[in-house]
Each structure stands twice: as C-alpha cells, then as structure tokens.
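What follows is a short report on a single structure.
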C-alpha cells in the first residue's frame, strides 16, 4: 500500500493541484506543502519499514514476448533511501519555490509532483519495463519545467536535456525488448536467466546499450554534455532535485539492474571504473574553472557521482553501503547547495560568482548555512559525505592503489573548487552594487538547516543507512522465482505433454525436454544464489581479514559459480 | 474457358489503380472525390470476388461487408461534398492544391 | 573520580560550540551583538571544564590507560570503526596542554577580540577547534583521529579566514586548507593501506599494535614491509601537511592572517603538533620502517634548517614566529625520525608553552600598536609594555635553549638522541646545532627590533600604546612560567624523568626496538654545546641588529595575509608542481576537451538538423505529393517484401 | 463461357469508363463516366451471384451518391475551370508508382491459387437480411454494426448540413446582404 501510495499518489496530487488557483500562489502552495509533507512522511515510513513488495499485477503483454509485464513494486534499502531523497528534496523545493515563482507556482508544483512520482517509480519498480517506463517518464516533467521556469537559455537547455537522455536510453529500450523476447517475463531474475542463453557478443551489445542509458543519466564523462547547461538553466529547486535525486537513477541503474543481470568481464569493470574516475577528475577540474555558480555545482556533482560510479564498479564487498551513503550524502548536500544558490541568485540577481561576494556580512544566517553546506560537500569527517567517500575509497582501493590515488586527487580538487566557490560567493566584499532580492525566509532556512543536520546525523551514525541494505532478500527472490516459474510451467504445459518430467526429480527424467527443463531450473537457481552470496559476503566480511579474501569479488563470484556448477553437476548425477 | 476468380481480382486491381491515379494526380477536387469512389468500388468488387472463393458459411461476410462499405462511402461523399462546398466558398477554386493550408 | 566518562571531555567543548554558534547565528541579525561578558564566560567555561576533567582523569590513570567505547560508527563489510576513546600516557600529556593552553588562550582572546563583530562566532570556532583537537588526541582509532585531524584543519580554515571581508585572508585560509587536504589524503590513503594489510579493525591503535606484535613474533616483517612502508610514507605525508614540513609547509606563514590567539593556539601550540603526535602514536609501526624513519629525519632536518633561515628575513613579527614554529617542528620530526618519540613529544610539550607565550606576547604587542605587525615600525616596547616584554623575553630564552629554560631540556635531549642515532648521527647533530644558532639569531632579532631601541612608528600612534588588559596578561604570565619550568618534567641531567616515565607505556616498545649503537657521550657535553650555540646566536643577533641600521619599512605594513614575503622557493615549487599543472589540466579540460565534446555534440546536432531540414523539404504544402510519396514507398515496401520472401 | 463473355464485356466497359474518368476534362463528364463504370460493376456483381449488392450498387452508388456529386458540380459553377491543368509533375510520380504497385500486387495475385467455391452462398436479399437481423442465429455483431452505421449516416448528414450552410455574419452572407 505504501509503495502504491508513493508511486501513484504523486500523480494524483499533481492532478489535484490542477484544481487550485493559478493566480493565488498562497493557497496552492499550502496544498502543495501539505502533499509534500505527506509524501515525505510516507518515504520515512518506507525507509523505516524495511523491505516490502506489492502484489505483482499483470499490466500488459508486449507482442512477441513470452511473459507479461507486471506492475510490481519492490522496496529494498537502496530504493527506499533514494525515494527518501526524492521526496525530501521535492518538499524543500516546494518550500523554496514559494518565494521564487509567484505567478506560476501551481504549475511548478504540478511538475514537481509528477517528477516525484516518476522518480519514486524508478527507484521502486521491480519490473524492467516498469522501471524503464518511469526512467523515461522522469525526463518529461523535468524538461517541461526547465522550458517553463528556466533561465535565459531555457529552451536550449530543455532540448539538450530531453534529447540527450531520451536518445541515451533508446538503445536500452531496444535491448530490453530483445531481452524480453527471450525471457519468461520482465522481472530481474528471468532477464538474468535469459541473458545467459544468448551468445557472448549479443550479451555484450545488450550490456552496452543498458550501460549507455545509465551513463548518460548519471552523467559519466563523454556523455555529460547535457548536464552543465541543464543544471545551470533549470530553476534552482529543480536543479536540486535533478542532481539530488534524478541523477541517482543512473547509479541506481548500475547497481540494481546492470550488476545483477549481466555477468561483467574484468575489462568492462575496469573501463567503467576508470570512466568513473575520469569523470570525477574531469568534473573537479571543470568546477575549478567554472564561473557560473550553478555550473560549478553541476560539475561538482558530476565529480561526486563519478566517484560513486567508480565505487560501484570496484565491486568490493563494501561497495553497496559505501555507495549508498555517498549517494545520500551527495544528494542532500548538493541539493542543499543548489537550494542555497537559488536563494543567493534571488538575492543578488546573478549567477556569476565573480559578481557576487560579501554575502557573509550582508546576510549572516544565509552564509552560515551556505558555509555549512559547502563543508558538508567537502566530506569533512563527521559528515555523511566523509563516511561515503572514505568507504568508497576503501572499495576503490580494492582495485589497486592507483585508482584510489586518483580518487584522492578528486578529494583535493573538491576542496579547491569548493573553497574558491565559498570565497567568491560569501566572503570578501560585494563585487557590485545591487538591490537585495527576497531574502531567505525562516521556513527555507530551517528546511535547509534540517538537511544539514541530517548530514551530520548520518555522518555520526551512518549505520541507519548501511544496515538497511538487503538488496534482494529471500522473500522477494522467492516471489520472483515463483512468478517466473509459474509462467514457465504454463508455457511448458502448453508446449509439451511432458509435465510430470518437470515436476519429477531431474535424475529420473530421461527425455531431452525434461533435461532441458532441469537445466532451466538450475539456471534459475544460480543468480538467486549469487545475490544471496553477495549478501553473505557482506555480512561475513566484517569478520574475515585474510589477505585472500581481499582478492577482488569477481574472482570470488566466479569461483563460487564454478563451485555451484560442480555441486549441481554432482546433484544431477 | 470459364470465369475464373482471378479475373475478378485483376479487374478490381485495375480499377483500384485507376482510382488511385485519379485521386492523387488530378487536381480538380471533384476528380479527387471520384477517384476515391472508384477505388472503393474496386475494393467492394474484390470483396465479392473473394467471397465467392470461400465455402458456404464463410462467404456470408463477403456479402455483408460491401454493404457497409457502400454505406460508409455514402457518408464520406456526403461530408466530403459539404466540405468542398465550404472550401469552395472561401477559395473560389476547385484546385485541391490551393486548399492546402499546411506550413511547409 | 575515576568514573568520569571519557566522552565527557570532547563533549564539553562541543556543547560550547553549539551554544556559542546558536548565539552567534541568533544575534547576527541584531545591531549590537550579544553581550561579550556572557559569551566570553561561556567560551572559557567549557575548555576550562574540559581541562578539569582531564586533570581529574590524569590523576588516577592506570598505567596502561583508560579505554571507553561510546558506540559504533561505521560498520560495513570490509570495515568497522567505533567511537572509542583511549586515554593513556601520550594522550594524557597532549590533552593536558591542549585543554590547558586552550583555556588560557580562550581567556586571552576575550581581551584580544574585544569589540569584534564576530565575537561569538570566534569563540564558537575556538570551541569547535578544541573539540576536534581533543578528538584527535583522544580517539582510539586512526579514523577517529582523522575526524579530529580534518576537524582542526577546518577550524584552522575558518579561523584564518575569520576576517573574511579581506579576500587575502580568505585566500590564505583556502591555501591552508587545500595544502592540508593534500596531506589529509595521504593520511586517508595510509589508512586504506593499513586496512588492506590488516583487515577491518586494524585502524584501532590497540589492534594495530597487536598486529605489529603478531608480525614481529611471527617473523613476517619481510612480507608486509613494502606495504607498511607505503602506509608509513602516506601517513608521513599527512603529517607534513598538518605540521608544515617540507614540502607542504607554505601554508603556515600565510596562516598568520588569522587573529593572533588563533596563531598561538592552532598554528603554534596544538594543531601543528598533531603530526608529531601521530608519529608517536604509530611509533610501533614506524619503528619497523627504517627507510621511512630516515626520510622523516632528513625532512625534519631540512625543514628545521630552512625555516630558521627563512625566519631571518621576515619583517612581520608573526611570520618570524611562524617560521620559528616550522623550525621547531622540524626538530620534533628529527627526534621522531630517530625513534626518540618521547623526546619529540617532550619538545611538543615545552614548545607549546614558549611558543604560545611568544605568540600571545606578539599579540599583545600588535594589540598595543593597534594592528601594526611590521617589526620595522616597532621598537622600544620594553618600557611601554613591560609585562609583555618580560613574558616574551622568558619565552625567548626558552626557545633558544638557554640553560634552565624549558627549551633547553627538550632541545638538548633531541640533539643528544640525534647524535647517538647511528652512523649519520653526528652529521645530523651538527646541522641541528647550526639551526639552534640560527634560531637564536632570528629570535634575538625579533626581540631586539621589537623591544629595544626607540619607537620607529608614527608619533600619534605612539600615544595609544598601552599594556594589554588583565585577562590577556594572566594567560601570558602563566604561559611564561610554563616556558621557564616546563622543562623540569624531564631534566635528564638532574635525573628527573617524570615525563619519559609517563610516556614509556606507549612509545617505550617502539624506542626499545631500535637499538642505538652510538658511543656513549657525556650528556653534559651536549648541554654545554647547546648553551654555546644559544649564546653565540644571541651574540650575533646583538652585533648585527642591536646597533646596526634598521631597514626602512617600505610601503604598506598592513598584515599581508596571502603574500608571505620570502619563502625560499617552496611557494614557487607548489606553484609550478601543483597549481600550474592542475590549472593547465583544467584549462585543457575546459577549453580543449570540453570544446571538442561540444563540437561533437554540435556536429551530431547539426547533422540531425540538416537531415531534418532535408526531410522536411519533402514535407511540402502539396498533399497530393505526400500521397504520391507514400504510394511510391508502399510500392517499394511491397517490392522489398516480395524480394526478401517475407522475412520481415 | 457465357459468363466469361459477359464479364469481359462488362469489365472492358468498367475499365474504359474508369479511364474516361481519368482523362475527362470536365467533372460532369467524369461523373457520368463514373456512373457508367459503376453500372457495369453492378452487372459484374450480378454475374458473381450477388444480385443484392448489385442492386444496392445501382441504387446507392450510381443513384444517390453520383446524383449528389453531379448536383454539387452543377451547383458550384466554378467547377468548370479550364485553368487547372489536368496533370502536372506530381503525376509523373504517381502514375509510375501506382503502376509498379499494381504490377507487384498483380504478380502476387496471379500466383495465388484461388478458385471459386461452388458452395458459396448466393448473395440474395434473404441471406443478407437474415445475416443482418436474425440475431439469434448469427449473433449480434452485424446488427450492432448496422445500427452504428445508421448513426454514422445520421451524423454525417448533420455534419454536412452544418458545414455547408451559410453562416450568419460570414463574409459571404454579408456580401449577399450588400447586394
């Protein structure tokens, strides 16, 4: 119920917002605020509630595919926390937008709610098609809002954003469709099984097209062309959501879809790792030179997300909690920074950091928050950012010292650009004479203050994040395998008369069809065990310090795969 | 030498082709309408021709569908002519090309 | 009394920070600002309470220390860290003078910062600094130490840039933070290195020592030596950053842009010694790594010598002190490099007193002269501010190692250990001694230029010169007393070894493992040579600066913040090795790579547009033509279907 | 044999008059040729044992629709224009395209094995009416379709009236009042 509410209710809220007055921003903002608080509370309940899943409802059938597409939502720790981010940031965005958009607040709120619904759907869907649906659906409200509320080059920004992300995920759609024609249904498990039956070159092609979508969304180095202009031109509250929650969809895709489905080769992992690192360095260097404050922040988030992606593809045991903490820390701190930058832009009327300055004496409370947010972004120990970056560095160290050194270089760069940014914006003397715009209101200040406090709290007690991670627990896997197994049985009954062969013990079946079925069954078991294995690894790793255990997880997985195969072979005998 | 089913189809095809040519290549709007009618006729003929190649219970559809198609053709002609009258009033021309209001 | 929980010590300044921070934020809107009396009281209260708590704990500390774990911090696969505190001989000494001197300097600051707009903010930062520093020395794991480590760096940044209206101060602050960050990354990577070797719990000091013990007993030193050396080097990079050693030292002179009490507390007495603390803390590990130790000694030696030379050429009173700090830190590193961790900590201890006294004295002088920092415009302050002058003089004697004063004991100890450290020992010793001479010269120059002769400033400013208020003088006097007597905790020649005894449980094992084969020399010879060096230096200073001309002060004498006048070539080194390559890289990214990517993006866009335009030329206004096209296309499609035999 | 001869005659007339539609200059001539073509098609329906459709063809198509068309052509005097060329460059596209398409489809058609089935029912009024209205026997599908068709015709009539009537206040009606 909670999951349905979080995914569908935002759209309902968006529709309800249509009913409010367009001119009277007061009343519509009150309603929007009410909704926002409700969703935020729901997301907290989701995080607190642990893993849960809805009933898998058959949604529709794609012609040419064997199985149906389900409307099937599933919340694991990762998704739940990202939903928390999206709801929380949306709430703050609704608060800060109140003082920025007087006329069209209603439309802004509509956009925010639909974006929120799409993001929640992305993070919660357990079905690949559903995921893709929401993944694409995110783009539309965001692009519309950029085009409607953006800065000077808003049309160009909206077009760039929409085209980049939509084109980026187009190959994924084709690949997904192709995979679906092979798979039993569109759930993770059957996709993974289906992939194994394909030739290696096809697998690689499918992997590439999946990767591309997430690479563009994150964005990672050669595909980041949309990011700076989009974040710069989008209204600041929207930029905060885009970077704080939406860009996480890319990393989320890597973790929740790429890793379980695809057997990754060492080369791929290395390439992705280095792409992430290059992005991190590149973002840092670009941020060093950026003069547009929002572009600077955009590059800074690019740098952090690059680090996160590198962390993901370190494939270390510590990767999941590390990356999650980093994502949450970055989401909150970058979000807060964008919100603050929006307020600064409102106050000073410019985005150019060379034209700002002296806010510390003009508006001390704002500057305090601003400084705090910047410090959080610097990953000072005691903030969530530190826990995230330290643990990610730890994961990256697993891949060798050189990547870790590069990642360390990024941290130095982050200090350099962030301090320059802070200095130019709030310190020194005002670079020019200007009229003060609307100042920061108490509500804005306190909501951003809460974000800062949250960062501190997560920094000192990250276990509330790290312990909530059970990416796919047994119930969900049982449910999934039940669904796919059920369908498989149906298919088999339709095709062959040899039903008993499947239900009977594999050893007693002599016919080729029976052995095929048992092969299918064993394949169905393997990825499940992989997931279990990963979980087992993570729980075991705290105790074991052996050097051998520190060998890369790939080898471990391969080894265990081989073991499993052997074990199954003996069982079959 | 008996009447073969294929002859009917070839005749329908020929008439359809002529209808298509008339509908597209003639610029006078009345000819466009007439071309459409001609093509519809050809289709009806094709229906009936195919109906005769089917066994008893399945051939009924081939008798009924042309009726509907004729009725729809009547409706189409009715509305189409009304539109021609309307546009003709505004443009004082029967040249279909001058009707076009699309931005290229 | 033993039941005092350890977490109380860091908690007290943290509470102070939160209270003062709240006051600062709330009062920022009002014109008048909060009451200075109340803020000052709160600001001193919490460090003082922390000092009392430390004192109480220190009294009843068992030999192997007190350990207390608060709660779990990070718990992920591969890694585990707790909020745990370790109160042993080493942290006891560090804590005592950190909280003690911290409380004193806070008291001093009340007078110094009087009337400043950011009064409450300043004390919030100071309290935050004390919290971080306490966490640094009290933490029972490297990670917690790192929390304090970066925390003090942050506070240093905030306090250097405290007067943030001047962009130069901000730049100095940025520089300090970024240079420190370089070191911090070394620390971070060092931790990762250790985790690689020793597993998730290794960052705990006890676990680390146990691990090292295990290696030693198991005879596996050879196996882990390369990676341990790497870790050691990385930690040392961290130390060079925090303690301003070669090559990461340029930030400290610039850091003098902050308020003087900050310079005294952070950039002289406490924070910069964190590197030495870390070396001592990891003594057991470093004792295994001869190469790293040699590098440490060499770096310490070079730094001490270089900074002393640079100190000769500074005109800003605080910069002289900054270079002298670097130089003294060099001594401490030398000592650590020859595994004389107790001696180096002893020097940290004595140095804290006399350097804090020197800085506070300098602060009092600057305060008296209403912000003047250029020594060339001072002079004759002895009569105007006698108490300050006395404090400075005592501290001066301490720093040059005049017999009987604190510096004498500690510096001699270090030089002695250096001499006996091995075949290169005598060479080290000579350089150390030479440095001691130079130290005496530049410190003598400072004292002479400031306090003797006649006042060289403008006439109207002379009338405003006044002795500092009592709340500034009391800490100075206390520190001066410390500067005189602190050395007697470990007066080797007198047979007092309180200090080394108290440190022995922590660093004893490490020092014992490195056996010095040097010939035994009578300690009195070292004492005599040290005294001689001090006297010689003072004599030179007197000869050169006492009577000779004083260089004319040119141009503005305002604190120059970002621009240190002469730093040998390290600023250039940083510029050419660090900043310029990064800028060039950034330039390449921005101007070349990004433009190329944009060009590609543009090209693809342009191709799409051209194609679209091309296609849209077919989208003419003629409906009939459209239909014709579609018929033609249907024909083509049918042909394709026929030819391919219906594959599609 | 006889049927074939009739078929050839009627087919030639149908195609010939269709060509007349294509080639005639005045729409009225075109319309008359079209009527002729439709009548001959009605004859072919008769040959194919579907007399009811043939009759409907004559009544609705050749009668009603073509009458309407002729009427409109005559009402709109300007329909007789000599300026508009009969063919233009578009025809260069259309004619070959259609011919190729026809050729291709014809090729397929000729190769397909179709033949008359002797059991095919005769399209009489009885059969038609039973199929349409005997719901009990053939199911409601055709009947509903029939009703919907009635609605369609009604609405098209209404649409035609709405479209073609002179609006009050329109330019034309203003002009008319001026006159």
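We just call them A, B, C and D in the order they show up, numbering each chain from 1.
Here is the rule we go by: a contact is a pair of C-beta atoms (placed from the backbone, for glycine too) under 8 Å apart; a residue touches a chain by one contact, two chains touch by 3 or more.
As the structure is a prediction and not an experimental result, all values here were calculated from the model.
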Touching both chain A and chain D we find C
So, in whole Å, the Cα centroid of chain A is separated from that of chain B by 56
Please compute the C-alpha centroid of chain C, do the same for chain D, then give the distance between them in whole Å. 96
Between chain B and chain C, what's the gap in Å when you average each chain's C-alpha atoms? 91
Any idea how many Å lie between the Cα centroids of chain B and chain D? 5
Multi-chain contact sites of chain B, meaning residues that touch two or more partners: 20, 24-25, 27
Residues of chain A touching at least two other chains: none
Can you list the residues of chain D that touch 2 or more other chains? 90, 94, 98, 101, 105
For this entry, which pairs of chains touch? A-C, B-C, B-D, C-D
Within the complex, which stretch of chain D touches chain B? 1, 3-4, 7, 11, 14-15, 18-19, 21-22, 27, 30-31, 34, 37-38, 41, 44-45, 47-50, 52-53, 56-57, 60-61, 64-66, 68-69, 72-73, 75-76, 78-79, 81, 83-88, 90-91, 94-95, 98-99, 101-102, 105-106, 109-110, 112, 114-117, 119-121, 123, 127-128, 131-132, 138, 142, 145-146, 149, 152-153, 156-157, 159-161, 163-164, 166, 172
Residues of chain C touching chain D in their complex? 622, 624-625, 627-629, 631-632, 634-635, 638-639, 642
Chain A partner, complex, touching residues on chain C are 25, 28-29, 71-80, 83, 143, 146-147, 149-151, 154, 157, 161, 164-167, 170-171, 173-174, 177-178, 181-182, 185, 188-189, 192-193, 195-196, 198-202, 230, 582-583, 585-587, 589-590, 593-594, 597-598, 601
The answer for chain B against chain D in the complex is residues 1-11, 13-22, 24-28, 30-31, 33-35, 37-38, 41, 44-45, 48-56, 59-60, 62-64, 66-68, 70-79, 81-86, 88-89, 92-95
Please output the residues of chain B touching chain C within their complex, sorted ascending. 20, 23-25, 27, 96-97, 100, 102-104
